[in-house]
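In the two assemblies presented below, subunit A is common to both, partnered first by subunit B and then by subunit C.
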Partner chain A sequence: MLEGKFEEASLLKKIVEAMKDCVSSCNFNCTENGISVQAVDNSRVLLISLLIEKDTFEEYRCDRNITLGVGLGSLSKIIGNGANSDYLTISADDDADKLNIIFEDKVKDKISEYNLKLLDIDADLLDVGPMDTDATITLPSADFAKICKDMKVLSESLQIIVTKDSALFQSVGDIGTGNIVIRPKTDIDHPEESVTISLDKPIDLSFGSKYLSDIIKATSLSQKVTIKLTDQSPGVFEYKLPSGYLRFYLAPKFDESN
Partner chain B sequence: MEVQRCRNCRNCTIDRVSLMVLTSVRANKSKSVTKPVHTVKKVQSHLRTSLPQQEICPVCKMAYVPYLAQDIKLHDAYHQKVQLGRPWTESWGNVLDVSTLAIPQKIQRNSTLIPCKYVEVNIDNKVEVNAAQQVIGIANKCLNAPPECNYWMSDKSRGKVFLCIAENRAIGVVVTESLNDPKVKPHWFIVEKGRVVENQTVKDVLVGISRIYVSPEWRRSGIALQLLKVVCHFSFFGITLKPLQIAWSQPSEYGGKLASKFSGVKHKSGKILIPVYNEHSP
Partner chain C sequence: MGIKGLNALINEHSPKAFRNGEMKTFFGRKVAIDASMCLYQFLIAVRQQDGQQLANEEGETTSHLMGFFYRTIRMVGYGIKPCYVFDGKPPVLKGGELEKRLKRREEAEKQRLDMKETGTLADIAKFERRTVRVTREQNDQAKKLLELMGIPYVDAPCEAEAQCAELAKGGKVYAAASEDMDTLCYETPYLLRHMTTAEARKLPVTEIDYAKVMEGLEMELPQFIDLCILLGCDYCETIKGVGPVTAFKLIKEHGSIEKVVEAIENNPKSKQKIPENWPYNEARELFLHPEVIPASECELEWKEPDEEALVDYMVRQHGFSEQRIRDGASKLRKSLKTGTQGRLDKFFVVKKRPAEEKKGKNTKEEKPKKKRK
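Here is the complex of A and B:
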């Protein structure tokens, strides 16, 4: 039996909204420690890794490990019916073929209950091994979203060049070029506005703008985004949850001549 | 986790982007000219995961990599050929005159009547033979059958290929072979059990159906039965074959149903029997 109660429905709404354009369906792997998801998009360019630890929930129990195959579009429609501030409880039996979703209005004496039919998704859990990181950038997620949106108008690729004291986001397209440079900054009054760059090795990687556009849909989940880059490896874009994370592993683009 | 570069970079069109540095343009020139100085193409890499790299389309049976644009394009083109039939040029094939026979020249599809014609492949036209081979290749793949004995390509008297053509596509095909060799001894076949009756041969069989196939989008319109009628009338000049003079080679489940309808004989046990032959008999 799985039962998890969110303090606010908005958290699950944001998570589903951040994922549903990348993957249409995925398995929610529920254990006593929380819920995790791993899914790869159809083009095998973007991997999503979600962990909602049990501390994220106001109440959580999972007696046995269960896997729930969920269509994210359908889940999004159902959880869209609840208000952001409602309590949201998800529950399922051990051999369930449906997921129960209950909204409780905190002010009115109103309870809304829905059932979502589960899918049988044939997907193995992928082993994402430990990755060395050459450069790590932490910046406000809203700033990163704006950079991606602004650069997308110029080109289908966004180049990220990280040096000792700055990170350059560069876009070179047919109509012109764009460069945005960010430097480390510490804001004690507003720590969420701080920018940190740590570097072991200079990095120059390019990513597809359309995939970055999907990634920045997670902006509302966290005030900060951490970008971990390694030469010739997928970039990791991590949004922290109250207890857990939503990570995107994005395969880079390479010069054809290489 | 590693990244996998596209193996077909040279031809792959996935997410390529040209990075161009534009030269300045003189304001007083009547025509503005932009001149790319340096071009670097970017190619999207893919995540290497334990997930299967290839998929096999359940309809057309083509194996392809579902995340490579080039493969997707190739699959779409082939899938359409399988579903709707291979494109067929108007001038190809010897058109058979079926106007005096009980063979309709229109096919009902989605409540509309579509004109069709029946042709015999002209083995002297190499392009046409090549196209017919592709149609038969599609049939073999969909029927999970081995390549047929290409008797029809060597000599008209050894076999023929008849096609049903509609909307400039080969929507149905039947490959026949002559069974006038006394060494080939057709037997009865119990359709329900899928078993050959030993020690009982069928006499007077003249033609064998090596392959018969209709494109999925055109099925349930009686095309296969019309093709069999064409075989009866046009296999030999001046002779109209009876259904029991036609034997079947390794009929599939649906082939067995078609054969039962066309030339099935009810045995006293109640079982339906059809004549079959071994295609690879010398």
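Here is the complex of A and C:
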């Protein structure tokens, strides 16, 4: 038996919105510690790793590990029916073929109940082990979203170049070029506005703009985004949840000699 | 062409071996394409509205050039790197099959002439398509076009499918693209179907995973080849009265054609008749050790298109529109320059989903599966 109650429906709504354009369906793995998801897009370029820890929930119990295959489009439709401030409870029996979703209005005496048919999803998992990181950038998530959107106007790829004291976002396209430079900054009054860059090795990586557009759908989940980059390796883009995270692993683009 | 009933058989036993995807999901992949099959395909399918083949002012057919040009550009536009493989001399054993095809063509030609008097336009077109054959000249024209486009091609010593599979096996390309299921017999890690079909048909590209096919059928390559021979390949006849279901059962039961033959001969009640002088052993040999150029000796290089020469060849000699050829050339050039999108499976190991989690698997499988559009 799984039962999880969110203080506000908006959290799950945001999570699902951030994922649904990248993968159409995924398995929610529920354990006593919380709910986790790993999903990869069709072409295996972008991987989503979600962890909603137990503490994120108002109330949570999961007696036995269960896997719930969910169509994210359908889930998004149902969650869209609830108000953002509603209590949201999801529950499922151990061998369930549906997921129950209940909204409780905090003011009115109104309870809406839905159930969503589950799917059998047979997807391969990728083994994302611990990764070395050459450079880590933390910046306000809204700023990162704007950079991605602005640079996408110019080209299908965004180049990220990190040096000791700055991060350069660069885009070269047919109509012209664009550069955005950010530098570390500490804002004591508004810590969420701070930018930090830590670096072991300089970085020069290119990513596909259309995948970055999928990633920045998670912007509303967290005020900050942490970007971990390693030479010739996938970039990690992490949005923290109150307790847990939503991470994206994005394979870089390569210049092939032939 | 192909192997009768194999598709259905694999579908039944290893449905997971098939994966349908839009062509764009294959970006960055190098693919070896059976060019001789494409030539046929284009000559048959690339037509004007009245069903006539495309032709230049001299009346020379240009359907194949149209097909090679546009469908290659479409693949390249999605970031796929195609290389083409042309048939060499047919294996001796294929003689019988080729003779049959020639007869069929002659038959079709006759019918077409009959039809000219009585039939409808559609009928005439149908039989006209059946009389299509590829000339040596058309082969050379296609090669010349590819060369100008900067797309590599390989002249196979023998069967093109075998060479495609060799390139894929040797890691030169990701997969072999052919409509012929017998490409699987040459042990290509992946077989792609519908790679060169018309865009308008909106057919997804089907990727067939060799390892999963074998896993599902619970066979090794030799048994699989024997199964294909029983089903009916290009090289020899089959046992009368043995269809896909029986063939599968027989191979499963006996393990090889020798044993199947023995079992049938030792069973006086059997209605199945073994063909006389049945060269199944030679056919098997052709699948197991096809005549190919080793992948390590094939250099595949994707080059810039030679735009001026391309315009000269396609526009001046074959009457294509200059604007379109130049557009195509610029697309070829552009995709050569843009970096290739990497894939995560290059960095992370694919773990198979642990099976024990799937308790009550049977009941689970009845759940609705989401169909992707």
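To be clear about the criterion, the second predicted complex is superposed on the first by the 254 of 258 C-alpha atoms of A that agree within 3 Å, B and C clash if a C-alpha of one lies under 4 Å from a C-alpha of the other, contacts with A are read in each partner's own complex, and residues count from 1 in each chain.
Methods note: a residue touches a chain if its C-beta (ideal position, glycine included) is under 8 Å from a C-beta of that chain, and two chains touch if they have at least 3 such contacts.
The model shown is predicted, which means the values in this text are computed figures rather than measured ones.
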Subunit B and subunit C placed together on subunit A: clash or fit? clash
One more residue to check, A:L47. First (subunit B), second (subunit C), both or neither? both
Query = Touch check for A:D120: first (subunit B), second (subunit C), both, or neither?
reply = second
> Does subunit B (first) or subunit C (second) touch A:G176, or do both, or does neither?
Replying inline: first
- Task: Check whether A:G208 is in contact with subunit B, with subunit C, with both or with neither, and answer first, second, both or neither.
- Result: both
Applying the touch criterion given at the start, work out whether A:D109 contacts subunit B, subunit C, both or neither, answering first, second, both or neither. neither
Of the stretches 55-63, 217-225, 253-261 or 271-279 listed for subunit C, the one clashing with subunit B is residues 271-279
Both partners, subunit B and subunit C, contact subunit A at residues 40, 42-47, 123-124, 126-129, 156-157, 206, 208, 233-234, 249, 251-256
The residues of subunit A that touch subunit C in their complex are 24-25, 40, 42-47, 65, 67, 69, 71, 95, 97, 117-120, 122-129, 156-157, 206, 208, 233-234, 249, 251-256, 258
Within their complex, subunit B touches subunit A through residues 1-5, 9, 14-22, 40-47, 49-51, 66-67
Subunit C residues touching subunit A in their complex are 16, 21-22, 24-27, 301-302, 338-353, 357, 359-360, 363-365, 367-370, 372
Seen from subunit A, its contact residues with subunit B in the complex are 40, 42-47, 123-124, 126-129, 131, 155-157, 172-174, 176-177, 206, 208, 210, 232-234, 249, 251-257
